[in-house]
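Same chain, two partners: chain A is paired with chain B first, then with chain C.
Presenting the complex of A and B:
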């Protein structure tokens, strides 16, 4: 059953049909906002981003800046399989693979760059990752920059942990087995 | 050579004074108009609890966005000057000039002060004191339609043409109301020269109320405000532009040609503000301030230097202009747009009869008072 909301539009009275008084009332509202904001700028809600940031509201699960998870031994979980680079519709990920000297079975990314000026924050890389190594849960919104190099995130930035939360990446479900296999601390 | 100077001393002095006045006044107007483009964005931002542009900086000093007009101008100059392949090249090029030049010409008749004595030479603070200044204003502002219509027609774009047709219909309609509204004022002050009208507004009614146009003709003030806003093609009468629907007559324009249209619109705001101040708010008059200083209704006097008086009068005119320019911005960001039939109905069914009624009442009152 569709509920119908009846709107009772009463006919305009004379003062409202002349319209000038209503215009004066509208202008009084906007003028009040103008002068209040002119003399007390604290009321303005705008955040002068990226110089200043505010915490994201609530427990919102936004897709935010990427990070690369790390294992309990400090090495990146990423095995440089190029899945995310292939899945990326904006082609903003650049990976160069390298081999561990002592472990020729597994690769690691020697270079892992994300060009944030091209990234569309779609989360495809997170979906594509077979190792659950890349995540978009840092709660940071990537900042603006005056030149293109400023928008490029390197491996060092991506491996940075979230301050105040310990090391959540070590608890990744998919890698528990790998940690157990390698006699990890977990 | 010296004979030439001696023989034509008056003419040369007049020319020199006119040149200096022209540079100073038009310079001030242009500077203020450039700031108006910033003010439009800043005022709207503050009204909507935002900050507005504040990033354009020179050597790291932004002054909260003061350099934005310069940044805008540089951007406009560097943009591609695009002409559509099917456009009428000549008319397409001419249209921005037709939009800009009539507006600029109108600033000549605006009195921005009484007079100033420079080395014993009396300089009137008005570029051209035409005896029929008011008719000059109406005639030349009517030419501004050419800019709108040529721009829309020469673009060979249906939306631009639609905007131009709306513009032409709107401007011609409201021109009529604008003219009839001013008739009441001319009857009141007995002159069509803007300087004479301002001087007449220095008198006092009942010994203490300044005889400003808004006091003598309050009804005409409201009509003029509405008609002038429509003539200016500003919200709530911006159907010519209608950003969200047809973009308007300058749809195909880019680069500095577009900037010329935009600048003409902002110049028109300043011009309308100056006309409102001149016709209805005493122009450069300060209440109770005369050539020799303040003379208050009670009889108290405060004699002042001639230069101080002139500076106060020019400052008063500037303050009124700034206020009405600000008011125009506030109106624009407060009201929604009319429908086209509502707008034409307002003009022909409401404003025009009211303007005629205003003339009738003014005439009747003046006959009763025996001043006609």
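Presenting the complex of A and C:
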């Protein structure tokens, strides 16, 4: 069933049709807001982002700036499987894989870049990650930058654990090996 | 000639045809792991089980011969259930480390699981049997026993194709694992085929390891130029870089590809790749290098020799012939390369290491020229002042060139190829970057397709020759490789 809403398109009355009165009414609304905001700035709802930010509600399921999780032995949890790079619709992730000589997990990202100026914050990388290595739970909104390099996150800036989010955890098949290697947590 | 019915379609097949081959003829796909058309039948993976009417149990399609009146069902509930169970069985001890496995994306376990199973695992991670993880076996392969499903394709490949028998199944029953026999190393010149043959990620290539995920790769069919056999192959590449070469099985030449052939792509992105001309030892741009080489050729005129090369395509050899005949107008040119073609090792590698000896024969038929001995004699006699040649072909006259020391103008793709004492070197695009026609030892004409682009400023050899002609004599006015082919008749 399609619900149909009937709109009452009544014809304009004379006052509306002569137009000038309605313009004056509109300008008065704008002027009122201008003076209210000028004398009572505390009540303004917007903030001059990105110079100023307001803290996000603590329990909000927002997608915020990415991070890469770290294992208990200090190595990145990421195994460079390229799932996030494959899933990324904005093609903002660039990974180069390398091999550990000793560690049983065998593979790690030598390079892991996210270009935030391209990122659309869709969270597909987090969905795709089979190792639970990438997360968008930092609570920080990526603001603007004056130059492109400022918007690029590298492996070094991405790698961090956040206390209280269950880190370091050892989910994922390849990480099972890493975990046994580094003494075992779970 | 028995007639059998598969999934309601009847087909008449040769006596001795297996059900799997008969189904393939009808276009019915039966999943398989241990079966390979070029290896002996093993029948151990049980993935190809099909239902045959009046047979008490399901039978393996890869090892059952078709008999008159057989009625075969490949998609009945019983068969589907069997496939699901076989897959569950194969996956019981599978480590599921797909994120770090190079096979992911072209893995038999992944593909068949999605196609035929989709069942949840009933086994806990902790209960899985553990085996030895990655270790290098031989110079080209990595073996991970935990991922192995014991299909024994690798064992059969080593014992039947290369006849070197390095691999064996050790222990028995659920203790079994694949290992090298004592005192053996897996380096038989064809070992990378084992990585292709392995339906799972147990054997993976050391060269390709972690370089690229397979789903990013684009495939371009081309020809191997490692020797005169001229195997058909596929170049797998992404973003202008070749990552690996794989065989394209065909009836005429090859099912496999040798290790040497597979690694020929390395020269394309090697550190010593020439992108500029070289005069003596100094790098300069192509244009001044051409001008310098052209001036030297122009000075010497009647005493210039042009040597073709069995490593170059027919087009490029023809362009060299045109340069000698129509531009420099010398009679000292040679496209005569004797060889003794034939498969050296009974598998693929040819006695003739050059890919286009037969092709230079076609150029010789069209344009004539001296024999290699005659040219060598004239150089030794000091009649030749300037020799224009491709680097590897110049190697054929190494001693003569060293003794007589004429001015050498060399075409080379890599710095390592340049012979000592070369005066000028001109770069050209390799056949991974430009198309070229090659004629293999059987006389089959094959054309390379370029998977990648040449580095900036590097041109195909015929185009370099065309420019050189303008500096050294009459212009050739070649607009394309096909222009150079004028007068050449392919058989």
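What we mean here is this: the second predicted complex is superposed on the first by the 126 of 186 C-alpha atoms of A that agree within 3 Å, B and C clash if a C-alpha of one lies under 4 Å from a C-alpha of the other, contacts with A are read in each partner's own complex, and residues count from 1 in each chain.
The definition used in the following text is that contacts are C-beta pairs under 8 Å (C-beta built on N, C-alpha and C of every residue); 3 or more make two chains touch, one makes a residue touch a chain.
Here the structure is a predicted model, which means the values were calculated and not measured.
Trainee: State whether chain B or chain C is in contact with more residues of chain A in the superposed arrangement.
Mentor: C
Trainee: So, does A:33 touch the first partner chain B, the second partner chain C, both, or neither?
Mentor: Touch partner of A:33: chain B, not chain C.
Trainee: Determine, under the contact definition given at the top, whether A:79 touches first (chain B), second (chain C), both, or neither.
Mentor: second
Trainee: Of the partners chain B and chain C, which touch A:48 in the superposed model: first, second, both, neither?
Mentor: In the superposition, A:48 touches chain B alone.
Trainee: Does chain B (first) or chain C (second) touch A:131, or do both, or does neither?
Mentor: Only chain C; A:131 stays clear of chain B.
Trainee: Which partner chains sit in contact with A:106 here, chain B, chain C, both or neither? Use first/second/both/neither.
Mentor: In the superposed model, A:106 contacts chain C only, not chain B.
Trainee: Name the residues of chain A shared by its contacts with chain B and its contacts with chain C.
Mentor: None.
Trainee: Taking the touch rule as given, give the residues of chain B at its contact with chain A in the complex, in rising order.
Mentor: Interface residues on chain B, with respect to chain A: 43, 46-51, 54, 222, 330-331, 333-335.
Trainee: Which of the residues in chain C come into contact with chain A in the complex?
Mentor: Going by the criterion above, the answer is residues 95-100, 104, 125, 133-134, 209-211, 213, 215-216.
Trainee: Spell out the residues on chain A that touch chain B in their complex, using ranges where they run on.
Mentor: Touching chain B: residues 20, 23, 26-27, 29-31, 33-34, 37-38, 43-46, 48 of chain A.
Trainee: Touching chain C in the complex: which residues of chain A?
Mentor: Interface residues on the chain A side: 79-83, 86, 97-99, 104-107, 130-131, 172-174, 176-177.
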